[in-house]
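The same subunit A turns up in both complexes below, where it pairs with subunit B and then with subunit C.
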Partner chain A sequence: MGLEIIKKVSSTGVSSLSVSDIFSSTYDDYLIQQTVYDNASANNDGTMRLLDSGGSEINAAEYYYAGEDTRTYNSFTESTGVAQTSFAGFGYQDASTTTGVGLTMYVFKPYDSSLFTKCLWQGQVGGSGQARWYAGSHKSAETITGLKFDTGSGTINIDCIVYGIKGT
Partner chain B sequence: MPLGAARFGLISGVSGSLELIQTQTFSNQSTINFTSSSIVDFDVHFFTFNHTLGGNTPALRVSSDGGSSYLNNNEYDWNYRLMNRRTAATNEYRSTGTYFLPLQRSQAYQWSLGSNVWIYNMNNANKYTHFTIQSTGADTTDNIAHYAKTFFGNGFVEDKAVHNALQLLPNTGTLTGTASLYGLKQS
Partner chain C sequence: MAGALEIVDEYNVTSSVSSVILGGGSSGSSGLNVSIDSTYDTYFVTGSGIVHSAGGSGQACYLRWTVSGSEDTTSNTKQWAQRAMYSNTSNESRFYTSNYTELTLQDGGAESPGENSCFYLYLNLFADSTRGSALTVHSVFDQYDGARVHSRLGGALDTTAQACDGIKIFGHSTTTFNAGTFRLFGLAN
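So, the complex of A and B:
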């Protein structure tokens, strides 16, 4: 019982990171972490999409979310998305910054083809005090097998660690 | 079972990627230090805190010398959202400076608090140590003015160094409760 590591991936100088074949019938729920989101070639504001049963990126307008961008240096900003083509509120980094980040996301029952996939994520994501806490649902009942982070602008050094939450 | 252990299905004697480093139970104590040598065996840590008697703001500090001293001068950068059940008000707080990272807002009543904290990059000398926090608290006297509050917080330590000890402390007075520190394996 507990958390069991499934996969750790990292890459440098990339505009996106696909993390494929991580969800399966072995686990219901997952914990995903990111500790590196550095050396951006430009200021950026990251997004995330899910991968379908064949490993293809889902870019349909099926992402719904609500959250808040919090920051030390300025007022907070609420953020909502209805029928978007990705989840917002992931990595954020100023250009050429190497602070590291800390982000944890819970993904609930992504492999169950009868349910929407739900996610909760919270992170201190870099950029001198930029942080987020969000929840979202992929409004299409289908089997999800992975996910893909995108910087939105420029390249980044990035990592991702996936754990299965083992109940029994 | 420490707060948070149930969340991940941890039962004594059953292992996983989340490993208990230390649990401390304390009463009327001004500082609670976690200085285990195994802290540096992990890059990511999970910290849980159950506070049973309030009147102050519990917070965290880190050390880069094994707990001989704890950083306390302009290294902490944090922001958090606090939601109040009775008033439905939400407040945002943010600060840099000498204040340490809070786990919840100060309360002048008997205050029961549960917190969980993810701590990232403590063992990486090239990155800042980052925190994400979720807490909930309740007034144990059922005072409706402070009945329940929810807290989402984030922050980082503006100090690129290996941080090998963690300190839990209140802004004033003492703490009573239980706290546990876990390490999360990445391979």
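So, the complex of A and C:
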């Protein structure tokens, strides 16, 4: 028990990546690791949405988040969202770069239909270089079964590994 | 070795409690009688789905280090600094270097259905009696009475060179935890 791998998905030349059927009653909490987010066709700034019990993308204005971008090339900036249609602050890449990224995200109790799902994510992303530190809450008590990354602009090569954090 | 992340202690709140102790030997909430010890250098902690008995801006969530199962309330030995991040206003720096005997994991609690709190911690060198005990925290919690989500990101240190065998997580003096899952893992050396 501890950390158990659930799924690894990867795709090339896509504008989004859906990772479905990863949350269940087997685990309360999850660790998600993203190591590839590169070869962008255009400058982009990624977002993430949750998938509901039927696997459908939730695009309602129910996403709240708070974070900071600690940039190598300029002053640090804050990023906030109230009643947005997605979480922001995921992959970030300039066109045609192959610098890669490293993103770690914790997802808490997504399968519990009585709670608002929580996410904490940190990443080193591309572009001119920045680290990101974010927290988010999905303000709707419902069963969440997966998630979907979106580039916001253009295509990307992307991967994602999902682990369950297993207790006793 | 079963894996790199090994469960050590766990407590699931099924009826109202004023605090939860992970590790701490016989003082631990789980009854498993386990402690943070030299088996691991680093421990990982998760708290999720935490629901307080009442909400509002004063319903905080705190952490204290435990020594031989008892919470360490010695003042002037604890340091912490954090970024407090909000979804609806500018972020703030929060820090305390003296007098405080506890670390603030959050300063608001759940109050409406669905609202809850979550966090993870990394605990370092707690069992080493020759060094202080450090931790890092990242938390997220609902404050929709203020129309926002709130997060704390930072670290804390008990500067006393002593062996700490657990952590105590507790709420505001007027509130209890009505729900929540708390887990302590060891990272295999």
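Quick note on the criterion: the second predicted complex is superposed on the first by the 168 of 168 C-alpha atoms of A that agree within 3 Å, B and C clash if a C-alpha of one lies under 4 Å from a C-alpha of the other, contacts with A are read in each partner's own complex, and residues count from 1 in each chain.
The criterion applied here is as follows: a contact is a pair of C-beta atoms (placed from the backbone, for glycine too) under 8 Å apart; a residue touches a chain by one contact, two chains touch by 3 or more.
Since we're looking at a predicted model, the values are computed, not measured.
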Combined model on subunit A where subunit B meets subunit C, clash or fit: clash
Partner chain(s) touched by A:K8 [first = subunit B, second = subunit C, both, neither]: first
Which of subunit B and subunit C A:W133 touches, first, second, both or neither: both
Contacts of A:T98 with subunit B and subunit C, given as first, second, both or neither: first
Which of subunit B and subunit C A:E68 touches, first, second, both or neither: both
First, second, both or neither for A:N39, with subunit B first and subunit C second: neither
Contacts of A:G167 with subunit B and subunit C, given as first, second, both or neither: both
Subunit B versus subunit C as contact partner of A:S153, first or second or both or neither: neither
Subunit B versus subunit C as contact partner of A:S20, first or second or both or neither: neither
Region of subunit B that runs into subunit C when the structures are aligned on their shared chain, from 60-68, 132-140 or 168-176: 132-140
Intersection of subunit A interface sets (partners subunit B, subunit C): 1-3, 68, 122, 133, 165-168
Of all residues in subunit C, those that touch subunit A in their complex: 2-7, 10, 46, 48-49, 83, 85-91, 113-116, 118, 120, 138-142, 144, 147-151, 153, 181, 183, 185
Contact set on subunit A toward subunit C in their complex: 1-3, 28-29, 64-68, 78, 80-82, 106, 108-109, 112, 114-116, 118-120, 122, 133-137, 139-141, 165-168
Subunit A to subunit B touching residues, read off their complex: 1-5, 8, 33, 35-36, 38, 68, 70-73, 75-76, 98-104, 122-124, 128-129, 131-133, 161, 163, 165-168
Residue ranges of subunit B touching subunit A (in the complex, touch as defined): 8-11, 14-18, 43-44, 77-81, 92, 94-96, 118-121, 124, 126-128, 130-132, 134, 152, 154-156, 184-187
